[in-house]
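Notes for the one structure printed next.
We call the chains A, B, C and D, going by the order they appear; numbering starts again at 1 in every chain.
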Amino acid sequence: MEAQGGYMLVAILLTSLAPGVTIFFLREEQFALRTFLNMAGAVFKVVLVVALLVGVYREGYTYRFSVTLLPGIDLVLAADALSLLFASLSATLWLVTTVYAIGYLEGSPRRSRFFGFFSLCVSATVGIAFSGNLVTMLIFYEMLTLATWPLVLHRGTPESFRAGRIYLAYTLFGGSVLLAAVVWLTVLAGSRDFTADGYLSALYPEHGTALTALFVLLIAGFGVKAALLPLHSWLPRAMVAPAPVSALLHAVAVVKAGAFGIVRVVHDVYGIPLAVEMGVMRPLMWLAIATIVYGSVRALFSQDLKRRLAFSTVSQVSYIVLGVSLAGPLGAMGGLVHLVHQGVMKITLFFCAGNFAETLGIHRTGEMGGVGRRMPWTLAAFTLAGLGMIGVPPMAGFITKWYLGLGALESGQGWVIAVLVISSLLNAAYFLPPILIGWFGCPAAPWDRERFRGHRLETHWMLLLPTLMVALLALGMGLLASAPYSPLGWVSFIFGVAPGHGSEGFAGGAGP
Amino acid sequence: MNPRPLSLLSGGLSALLALLLVSALWDTPVHEGVSASVAGAMGHTGVAHPVTAVLLDFRAYDTLLEMAVVLLAVLATWSLGRCDTLPARPVQGPVMRGGLRHLIPLAVLTGGYLIWAGGAGSGGAFQGGAVLAASGVMWVLAWPRRPDLPAPLGLRVGVTLGVAVFLAIGVAGLPLGPGFMGYPPGWSYGLILTVETAAACSIALSLVLLFLGGRPWRDAEDG
Amino acid sequence: MAESLHAWPFFGSGVLLFVLGLHALVTRPHLLIKVLAFNVMGSGTFMVLLSAAARGSGEPDPVPQALVITGIVVAVSATAVALALMLRLYPILGGAGLPPGPPED
Amino acid sequence: MEGMSDGLTWAAWLLIVPLAGALLAGVWPRAGRWIALATSVLVALLALGAAAQVWTQGPQVVSLGGWVPPLGIGLRLDGLAAFMLLVAALVGLFVGGYSLGYIPRDGHGERFWALWLWLWAALNALFLSGDVFNLYVTLELVVLASTALVALSGGAAALLAAMRYLMVGLLGSMAYLMGVALLYTQHGVLDLGLLAQRGGEGTAMMLAATLMSVGLMAKAALFPLHVWLPPAHGSAPAPASALLSALVVKGAFYILLRLWLTVFQDLAHPGVMQLLGGMGMLAVFWGGFMSLSADRLKPLVAYSTVAQVGYLFLAFPFLLAGPGGWHAAVFLVAAHATAKACLFMAAGNLQEANGGDDRLASVAEVMRARPLTSFALGIAGASLVGLPFTVGFVAKWILLQTAITSGAAFWAVGVVAGGLLTGAYVFRLLGPAFRPGPGRSGRPVPVLREGVTLALALVCVLLGFAGSAGLRLIAATPVAGPGG
């Protein structure tokens, strides 16, 4: 199939890159211009992504753009169904988060710098989504590191500097491992575009050891950002960043970039058949399970709200890896759909946490008593997303767990369902208490610092509106899961499987 | 590192190096080097003395750069600051000055001869320039007051002249045929003598100025 | 070179000068001595070159002679710059000895 | 005798123009800035022309004045030389633009221009030379011009640093010259090409290789012969530091590489090459740790040069890694030259704005108020670390690829670990800029300078897309022995 206008992909990158770079050089007081640039870029990006979605779904187009970097090595941007899944998630949530961030940071210093790096982050994330080969993905992956670090430092407190240092240490290390792995792979197999079922099978079993070592290195490299088990501890610390950063980056962009990278490596570099043959999927599954359980347990014992959410992220992102490692289409669907579902639900939770902190000064779960009377809308959103995380039907999280369960059965590993059940119980154990005391409890003490009292809305509209929007989105994704452009619908399109059906055809990779 | 161990270490390594150098030189074959090529090419150059031919024709580019080194050294010492006082006190009494009155013209004459002689025998721009410079240094040392040196522009042109003339002649080779740093056939002798003269003047002046060790004029920053 | 013994003393002295200069340049802190040592090294090198030129039978090779002339002029220029610098440093250091220890800022 | 080929014409003008500019600027210092500006534009165009010439016609070795080596001196305009000329021209152009805003217009400050043009002329002569003795003369030119530039600011530290540099430089030159004497005694020729044909492994050759290599390593500031570099590059005026770090140490490296590619090709045994590479790796780590513990901006950047020079020495083990293995290190020259020049230029802006104080803690305040310079610092730093979208990333990629292709994966480990160390000190430098508190733009710094600094940072990004072209140019270097 002929590749269509690759310039569209460049344009999508530029919609956030150009405003981002411009914003750096704006003066602090140029509020209107900065806001306009941010919003225009975000809206334009969403429009372009929708155009691509339609193009890929209706017309079956593929989009590709490439520049030569070195002999035999191209920088490739390509839009296939899988990349659009991640790109549309990032674009949509960027738009919402931009509104939220403008409200959240109102009146705080150094907003030009903040929004500049914020836009660079989104550019990097979208770049990862549209990367057509591993080299390109590595490039954007490192760019994401570079652009996120200043946001972790943004508050400038000693604590955030400590977090920044740790974040940098982990991600630079991960980046280096990834670089070494990608170079090695390129030496071994050349720089090839991602293809369904991978491109390495010809090298097996001749280079079996090298391929296994490479797999470990690649997973470690991406695993740092995906917060897989031994490499996760930067994530809870990075929660010192402002709420929109935690929300968009640490719940969506950064960890998802890692998870997305793992998906690409397993599906489109190695390919499921090869990965299964090499016997690397089972260890990956164990790693994912360990991370799921560990994250949930740590979340249960975290009293700080954002920290609890962060550990919950550690746990939930590994659902994606788990889905992939089940090595069947249904499990993979569950994993991929969770890429979107977890993003939307987790961003809702972070927005709510930000609203509580900004409006009432609530930082710990114990302080949430009676918050439902003061901030019913926010708590409602929190409740919806929390229930979704637990996996209560008909929320989006249920769809994930359902497909993961089906996948486990399909691959003959039914015991994984037990893991899902345990994890759900743990989820319930740490999400239900704050929800319950929020609705039914009483404030233990007066709020630390209460703002927006007596306003028509419970908090600033720019904080409330995005929160409600993403909460509704999370609800809608569950209720309308079988619609064509829903996440599940799209994931089914990726795998060429009708939603709700079994494994009549496993394409195994990206692209119809 | 303490002085003593350092000294021992350096001494030991130097001795080792000396042994190695001697043994290496011992093993080298006897060859005539480039002398055959030089002898063969002497007919195509304007000068009769092989060393001058090598310096100013075959390896003229080396010599251009070498004169550039002298000029650059002058600029470098100038950039360090001004020479406040002359390096030595003038000697009182009639003997010194009377002697110099005869010595300086003699040295100038000798220098001039050496430059001219370089075309055929031993001598050349550097030897001549050095003798000229010696007379200049004597002049500087003997003068009772601050030397009344020419204005900066004159000095600058003077030290630059040698390289500039050489470079100009070298560049002229580009349109004229023999290429960069080449002399048109038949012009060699005249051009080489021109270069030698300019070079000797510049070198002499430069050496005197290097002897002063700084700018011999005041600049804004000298206050 | 065994067959051209007349060049031998010159090679030997050249090498000796070179290493003597090297040793002094490395170990002596006084700048004037260092500069002199550099010149001694240079003389040794030039001597080696000239001995190589005069080794064979017949006319000495002109190329090393030209190289030595060039080398001498270059060395003189470098010496002049070094001495000028030393004169500037003299009042600052209160002498012409290079302070010991590694140069840290 | 025979007519000039086009290649020689380009090479000749690349020597003539900067030399003529230097002469003019020396005679007429007050017009120095305009002479320098015109010269730098012209030389940049000429370098492009020369590179295009090599690109289309292939490498050329031509003799000056029509005298063919061994009688005369040959110039070599091949891929390696053209690449170095281009790098020098690129850095020179930007440093020139920067200096327009740095060098005061009052009389005596203008001496900078002549010295700068002399340095450039000397470097061009060095890159083009094909004769071991001629290389010695160019080396001396480089040493003298650099010494004068280090001493330019005139303070005690600068003079002392200049003196130390001069001593090391002269010692290195003299060791090199003894090597030349040995080579001539052994072979009776001075031309690189002819020496390469004769080759040989005798004591004289080994000793010549040792003397010349050690001398050049001292000039290139390879650990442990680096102690002169941080004070010299740290106390020179910003544009001079940029030139010294970006180009001058590379000049010595270039000669060393050139010698091992030609004259000493028969001596390039694995053990020797691994030793050179190992010293390079030690330099990477030592320089990195010293950078990490520096508390002032310019010493930090200067120590980083010590570290980055270490990477260049991977060229030697890579010589044996297969055809063109050393290309990676040469490409790294471009990456490091642009990044380091940019860093020194940015450091100069910050230091001047901060009233001459370059302690990291107080510079951070100025960084907060000067986004142009800080942005440039960030990009150049990223290029130094080898993060994507910079030329540094491409260079690191090629290094790793070469290391892995050659089966010497331990070099790859070294490169990666060194990169992490670089990351540590670069981010330590950038970190304080994000501390809270008001920014302070400090004393005025010409916008031109901030603009040029940022523009060079953008060049670091643009060159990231020049990897293929750069490698193709470097590959146009005829090499008979290992590495060819």
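The definition used in the following text is that a residue touches a chain if its C-beta (ideal position, glycine included) is under 8 Å from a C-beta of that chain, and two chains touch if they have at least 3 such contacts.
Keep in mind that this is a model prediction, so the values were computed, not measured.
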item: Most widely separated chain from subunit B, with each centre as the mean of CA atoms; value: A
item: Two chains sharing the most C-beta contacts; value: B-D
item: Closest chain to the centre of mass proxy, which here is the mean CA position; value: D
item: Mean-CA-position distance for subunit D and subunit C (Å); value: 27
item: Centre distance in Å when subunit A and subunit B are each reduced to the mean of their C-alpha atoms; value: 73
item: Subunit A and subunit C: spacing of chain centres that average the CA atoms, whole Å; value: 68
item: Per-residue multi-chain contacts in subunit C, two or more chains; value: 18, 22, 26, 48, 52, 61, 63-64, 67, 70, 74, 77-78, 81, 85, 88
item: Contacts with 2+ other chains: residues of subunit D; value: 133, 137, 140, 144, 147-148, 151, 159, 178, 182, 184-185, 188
item: Multi-chain contact residues (two or more partners), subunit B; value: 21, 25, 27-29, 31-34, 38, 59, 62, 66, 69, 72-73, 76, 80-81
item: Partner subunit D, residues of subunit C touching it in the complex; value: 18, 21-22, 25-26, 31, 34, 38, 41-42, 44-45, 48-49, 52, 61, 63-64, 67, 70-71, 74, 77-78, 81-82, 85-86, 88-89, 92-93, 98-99, 102-105
item: Touching residues on subunit D, where the partner in the complex is subunit A; value: 371-372, 375, 382, 386-389, 393-394, 396-398, 400-401, 404-405, 412-413, 416-417, 419-420, 423, 427, 431, 434-437, 464-465, 467-468, 471-472
item: Touch list for subunit B against partner subunit C, complex; value: 3, 6-7, 10-11, 14-15, 17-18, 21-22, 25-35, 38-39, 50-51, 53-55, 59, 62-63, 66-67, 69-70, 72-73, 76-77, 80-81, 124, 126, 203, 207, 210-211, 213-214
item: Subunit D contact footprint on subunit A (complex, rising order); value: 24-25, 67-71, 73, 109, 113, 138-140, 142-143, 145-146, 149-150, 153-157, 161, 164-165, 168, 172-173, 175-177, 179-180, 183-184, 186-187
item: Contact set on subunit D toward subunit B in their complex; value: 1, 3-4, 8-9, 12, 15-16, 19-20, 23, 26-29, 64-67, 70-73, 106-109, 111, 114-115, 118, 121, 125, 131, 133-134, 137-138, 140-141, 144-145, 147-148, 151-152, 154, 159, 178, 182, 184-189, 202-204, 206-208
